[in-house]
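What follows is a short report on a single structure.
Chains: A, B, C, D and E, in written order; residue numbering restarts at 1 for each.
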Amino acid sequence: MAAAFLGGFIALACLALFAAVLVAPAAPGLEAAVAAALPETGVTNPVTGVLLDFRGYDTLLEVAVIALAVIGAAALAPRETPPAPLAGPVATAAAAVLAPAIVLFSGYLLWTGGARPGGAFQAGALLAGGLVLLEITGSRPWWRRGLSGRLGAAAGTAAFLIAGLGVMAATGRFLDYPGPDWGYAVILAIEAVAAVSVAVALSALFAAEPGDGRPGEGAP
Amino acid sequence: MTDALLLIAAPVMPLLAAALAMAAPRRLSMLGLAVAAAPALVAGLTAGGAEAELPGFLFGAQLRLEPDLAPALAAIALVWGAAALHGRAEIADGPDSRRYKACFGISMAGQFATLLARDMASFYAGFAALSFAAYGLVAHKGTVEAMRAGRVYAVFVVMGELALFTAFVLIAAAQAGLAPPVETGVSAPALVWWLLLAGFGVKAGLVPLHVWLPLAHPVAPVPASAALSGATLKAGLVGLLVFAPPALAAPPHYGEALIWLGFIGAFGAALLGVAQRDPKVVLAYSSVSQMGLALALLGAAAHGLAEPAPARAAVLLFVVHHALAKAALFLGVSSGAPRMVTLVGLGVAALSLTGAPLTLGYAAKAAAGAAAPVLGPVLSVAAFGTAALMARALWLVVRQAPARTSRIKATAFGALVLGLASAPLMLAASVVPSTATAAAAALAPALAALALGFGLSLLRVRWPAPPPGDLVVLADPIGAALERSSRFTGSTADAPRSAAALQDEAPPDEGALWRETGVAMAVVLLAVALAALGAATR
Amino acid sequence: MTSEALYAAVALALFGLGWAGLLLKAAPLRKLIALNVMSLGALMLLVAFAWRPDAPPDPVPHALAITGIVVAVAATALGLVLIRRVRADRDR
Amino acid sequence: MTGSAELLPVLIVGATLLSAAAIFPLRDDQVRLRAAVCLAGPAATLALVGALIAGVRSGARYEARFPFLPGDDLLLQADALSVLFVALSSALWLVTTVYALGYMRHGPNRSRFFGFFALCVSATMGVALAGNMITFLVFYETLTLATYPLVVHKGDAATLRAGRTYLIYTLSGGAMVFLGTMLLHALQGAGGFEVGGLLAQAETRPSDAALRLLFAILIAGVGVKAALAPLHGWLPLAMVAPAPVSALLHAVAVVKAGAFGVVRVVYDVFGVTLADALGVLPWLGAAAAITIVWGSVLALGQDDLKRRLAYSTVSQVSYIALGASLAHPAAAVGAILHLIHQGIMKITLFFCAGAFAEVEGVKTVSRMAGLGRRMPWTMAAFTVAALGMIGVPPTAGFVTKWYLAIGALEADGAWVVAVLLISSGLNAAYFLPIVGAAWFRPPPDDMVRPEPPPRLSVALMAVSPVVTALLVMAAALLATSIFSPLGWAQALALREFGFER
Amino acid sequence: MVSPDAALAALFVLPLTGALAAFAAPRAAAALAIGVSWANAALVGGLYGMVGARIALGGHAAPLGVALRLDGLAWPFLALAGALFAFAASATAGRALLAKPGAAALWLTLLAGLNALFVSADAFNLYITLEVVSLAAVALTALGGPAAGAPALRYLFVSLGGSIFYLAGVAFFYRATGALDIGLIGAAGLSGPALAAPLALTTLGLLLKAGAAPFHFWLPPAHAAAAPAASALLSGVVVKAALYVLIRLWTDAAPPEALDAAAPVFRVLGLAALGVGALGAFRATRLKALIAFSTVAQIGYAPLALGFAAGSPLAVQALVAFMAAHGLAKGAIFLAADGLRRANGHDALDSLADPGSRLGPTKGAIGLGVVALMGLPPSGGFLAKWTLAEAATAQGHWWMAPLLAGAAVLTGVYMLRLVSALVRAPACADGDAPRGWSALALAVAAVALGFSGPMLSALMLAEAAP
């Protein structure tokens, strides 16, 4: 009985929200301000501009959240025997063909982020897919185990922090890139490291082995 | 100056002696108590009219010895001294002796303080010390009767103290000062007179309040009962003189009541006392009777039947006489002197009490008669009663087993008898009857009593002895009932809380919790939204 | 019905479904999926509000959406690990 | 902030706090060191209090102010009334510590005991020296907390239950005082205790109804600790505490703080003239009278000695409230005097009760026969204090009852005299049988005596009651000398409470 | 000397870097966590001088960029977090928790999230910081041992649900005002549905995350199951993060009339929390369950105080004092309770006994902690209770003062179950239980807070200035 009441209420609430959307006036957004300030950033894709320059702090915290997830997973994951890798000709052939294509395409995604939709997270996600493909087809996931795994996961946030502090040394304000050309270079550097870091992090999250990935050691 | 010091020494010395008694061995301490009475005695004899000031004590104490009170002080001091001396032999050395001596000393100090104090606070302090410490003397033996007598005595004392406290507070509030009415001359409200009568009546054995007396005196050791009967009773009389003086206008019926109670006391006590078997009970009833007479005299003065000044003088003379005579009689009960000497002494005291010529008793009776002529016939009839009591008492003492001779007790007894004999010379009171008929009238009661007594004993008539303390016997059942009713235990300990069973919280049904939260979400969302919407219209 | 309204309607529908699923589904995995659906609804709402009648859409809500997606992914990953942990503890 | 001379009140509270802090870390077996620290605290405090008394007598005003709440400060101020209470507390603290050193020979948590003991006294000092209601509230509540561990020192189920009741009562009392202070602050803004009453002298005053409500709340708040009739339930239960605690609680700290609160509220917050005009005093008087009689009647029925003394305290403390409720200088003097006298008398009784229990194993009245012979000095002290409670003249009790009675008569409250009489009669009824039995009856034969404690502690437990008994006598005998509480109280009544003699 | 930019940035850079280092080098993790916690405490102390500073990250002004602001309302919360993290880390219980793999990194990430949250002035940024705080807190809770999994999972679901509601609310805010900065949203002066929708969604989300009364079912199991040091942080400051955002929204973003209109709702929520918390505390049979339910009750003071904030700024000051006093006191009690449990060997509440003379500081911590919780003078709780009562009475609500007094006594009575354990005989033998010095330090701070009235009001004035 309570379920019916709850369902009905939730529907009602969503309708009310929809009514608010229809009734309440929408204020002009920040597109003009973004367009005006975009040239300073050195990138042409406004979303990347917002993500990496105007609201770079949000993105820093966002990468930190991913690192946090990896830390949490490493601390909490139960000790289980990993599933047997996919054997057989089709799997190995597919991995052999797809892996390089994935790496190439994620590189392109990363590069084109500055002008067209794309960027660090999209590239990182794709790359993570590739890494997972390799792992399930039996190759040893060296990139997410031991020190390299931990460093990989932390690299993204570290890059942001280093960039922010470095830039602050120059302009006195955190994450305030000095001028467009320096801005573009720094953004690209950050994006590159972030992409790799996200890839490693997501693959670690997919496997979610305890401790720092070495089998036989980790959370009780 | 030395008089002032003497006055201060009178109440303080006994206190020191009492303190000494707590520490020093038995022998020395009793003598100390006897010596402690000396300053009061000397003061009584020499320091009439002296004054002393003790600013520090309580609310600023002023001591003053009224000239006409001096002989009373001397007599009472002699009684306390003799009793102390007698006590040295009489009181067995035991764990309680230290307690007895302390109580004895404090009572003596209290008595002297009441005689000397001229401000209500210190008077009341002395009076309370006397009353409460005297309990120690009454209940000394620790026997069942002693404890019962002690309990009755305590109840009456507390009643008396409360009455006096209220009276004094009323007086102090009325005249915004601590001096007693005798000096300020301001007559206190009527209620005060009755309260004073009750308070001092307990101490002086006024009839309805006398019941503790015949119970307490006999159970106390001999010297203690001598002091109790001889001296402490007088504190009541002196109190009435100081605080409800005949000179001031008494409230209506006050005088009459006092007269009638006095008469009942005089005759009733005599009747009750004659049949008693214990000589000390007889003597106790004799005291009640004698005090009845004195109170009747005071009543007469208050009622206007007598001049205030001669009445006061007569009462004071009576105080001196009764103190010495009654104390001598009590000590005579175990005088420690050879039988013949005791009998002679007792005879002198008995004769004096009956008012035989050539004795202090005659002088007192004559003064009373002169002060209140209307009382003349009453006094003579009372004399018959007293004579009968005396005969009974002597008879019982003679038939009593001879006590061990002890020189100290004998000297104490002798001192009192000598004091009684020499008092008329000292006070220059006329003891020689002016006319033959007066002499005959004075002697008649003694002779009649002797004849009656001798006759009754021949006929072996056994008078039914009413229980000593008469009225109190009725009170006993009430007392017991009160005791039982107060035994309800008022403890309010609540029942121990049942230990909460130590079960783990039952894991709540997960789904139910989420649904409850869902409902709560709905309510809160709606409330906040409506509030925010409502705000717009404000 | 502007396309903003259309997108908003779909977004709110998703949001409502996820919300109901969270409250009513008992199994932890189903609750986690419901949470995902709900967060997608909210993010889509952001995208819907970025619509501009006659201009390219506002880039800021889009950026916010991307950030929201990444955070949702991280949260879901942690949730899955926890679910496996709870199942492992129960089995032991 | 404050000048150097004004720091004396702060030093006093600080000294006691310091001694508490010094005692807490000591281990239980460091007996000698703890004894030294325990004695150093009160000695130092007494010296400071002496200086304070000298200062106040020569008219110096001590005031230390600390910012505490927005709009209200912590104010420690030494006026005549507070010095009187501080003197009582510090003197009795020293005596109680001596006694406690003898009493608490073994058992766990002794350092904790003495620590909280000192903390309790420092809270009492604070209550005494408080200059406004806020400070009074702060120390009033601290007092509750400091006394809880003392009440539940034994730690078994019964004491914990008693402790629970004790806390519920006193915390609710504290809550009421908080309410009262808040109401006062809302109505009148920040203001300290004024000579003649803060509210009496304020230009703008709220409506009478609000003032009556404020009076009722404040009196209910302090009434809990002052054990006024319906709120006294905790006091007999708190008897589960060890003897020095019951002595401290009933004679010095908790109960006195309540009574002191009543005096402060009536005289310094409202001012007796205003309180009289409001017509609230008769209610206070009635409550006090009922407590006096009811406490004594209950005391009659108690066989446990300490519980009987507890009910006697319930009755005796209300004398102070009774005196305060009669708007008259003599009654005021009586009230303030009783603050001191009841303290010294009751502490003696509790010392003796503790000694009887420890040395002779006698805990109930029915087994007290013959005690006079075995413990003469302690029993003598008990007798003096018992006579004092009844109001027999040469003791402090008489002086108080004398002034209360005169005050009552002059303020035409004759019924008060009747109450005093009934109460004295009842006191006699439940004290005299004890004294009589102890001195005049042989000890019961089936006496099971606990193993006698070492001679030193027996001596310590005997010395303290004797000293306080002497104080009881001295307070009366030297009543009019300059140092006696009476002289001090009289000056106080005239100067502090705005009475024209 | 140090530019505001560097100082405010350091607030999250320092702990975040520490976290990454701790994750990268597990062996040095525990020492790193303790060191960074104390460094952070020092940093926050230094920041007291900079109250009122406002910086734009990334060099762009408000609507476009994200601004960080340190004002009178934020500093006390930062100080509370700093103190709790420092003392909890150095406590024995803290060191035991930090020794677990990954715990130190989570510990520092949580600190970074909290610091970022308290200084953030951007609605969406608050969403991300809330996420960081919640996920770190959930992970830390789950580390509390085998039985901690289920409560942590339930905590995760509720917390994520709350965040998504908050996110939806922010979306609506952006649509209505075109800005994400809280100050600008407030300046837009929304009303009607444009205000109602976002406010309702965000408030519901935050109440869920804070575990306020009707949504508290997840809090007691989670805080009880977590490790002692973790529950000290959870009850002490994590719960307060969501409440802090709630205060920000309702005092800065929403117009005063909205707060005035919603006041009755908040008062009811506050009272409900007090009641429910007390009921749970009376029924609790486990030691940490009692303390957790007391948290549920004490959280109620926040909406209760918010209910009077419209009338007078004093109420906000009272709210801050309540939160600070409760945070310190609850942290102290949770840490000390660990010592009490270890000394007794069990945590059945009504049969716990005196933990022995060696644990003097633990007993002192619990005693003083309860004093602060009850709001007895001179503790911080009293300052808060007094200020709130004054604010309410000034607005004519006479019933508030008696209610607060009653609540204090009620708290006293149910906390008495814990305090009476300290004196229950026979005492436990002296084992190796932690003595509880840091717990005592926190408790003393909670009591000393009572004297911080003037400082707090000075801070509040600074907050009103920019």
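Just so we're on the same page, contacts are C-beta pairs under 8 Å (C-beta built on N, C-alpha and C of every residue); 3 or more make two chains touch, one makes a residue touch a chain.
Predicted model, so just to flag it, every value in this text is computed and none were measured.
Steps from subunit B to subunit E, minimised over paths through touching chains, total 1. Chains that touch both subunit C and subunit E are the following: A, B.
Looking at which two chains touch through the most C-beta pairs, you get A-E. Compared with subunit B, the chain whose C-alpha mean position is the greatest distance off is A. Relative to the whole-protein C-alpha centroid, the nearest chain centroid is that of D. Computed from the mean C-alpha positions, the centre of subunit C lies at a distance of 68 Å from the centre of subunit D. Between subunit A and subunit B the centroid-to-centroid distance comes to 107 Å (mean Cα coordinates, whole Å). Subunit D and subunit E have CA centres that are 42 Å apart. Once the centre of each chain is set as its mean CA position, subunit A and subunit C turn out to be 16 Å apart.
Within subunit B, the positions touching two or more other chains are listed as 510, 515, 517-518, 521, 525, 529. Looking at subunit A, residues 3, 6, 13, 16-17, 21, 26, 29-30, 34, 55, 58, 62, 65, 68-69, 72, 76 sit in touch with two or more other chains. Multi-chain contact residues of subunit E, defined as those touching 2 or more other chains: 124, 128, 131, 135, 138-139, 142, 146, 168, 172, 174-175, 192-193, 196-197, 201. Under the contact rule stated at the top, the pairs of chains that touch are A-B, A-C, A-E, B-C, B-D, B-E, C-E, D-E.
Interface of subunit A with subunit E (complex): residues 16-17, 19-21, 23-30, 33-34, 37, 53-58, 61-62, 64-65, 67-72, 74-76, 147, 150-151, 153-154, 157-158, 161, 164-165, 168, 171-177, 211-212, 218-220.
Contacts from subunit D toward subunit B in the complex involve residues 157-158, 161, 165, 233, 236-237, 298-304, 307, 311, 372-373, 376, 387, 390-394, 398-399, 401-402, 405-406, 409-410, 417, 421, 424-425, 428-429, 432, 436, 439-442, 476-481. Residue ranges of subunit E in contact with subunit D, taken from their complex: 314, 317, 354, 357, 360, 364, 367, 371, 374, 376-378, 382-383, 385-387, 389-390, 393-394, 401-402, 405-406, 408-409, 412-413, 416, 419-420, 423-427, 450-451, 453-454, 457. Here subunit E touches subunit A in the complex through residues 3, 5-6, 9, 13, 16-17, 19-20, 23-24, 26, 55-60, 63-66, 100-103, 105-106, 109, 112, 116, 124-125, 128-129, 131-132, 135-136, 138-139, 142-143, 146, 168, 172, 174-179, 188, 192-194, 196-197, 201, going by the rule given at the top. On the subunit E side of its complex with subunit B, the touching residues are 154, 158, 191-193, 195-197, 199-201, 203-204, 207-208, 214-215, 217, 254-255, 257-258, 260-262, 264-265, 269, 283-286, 289, 348, 350-351.
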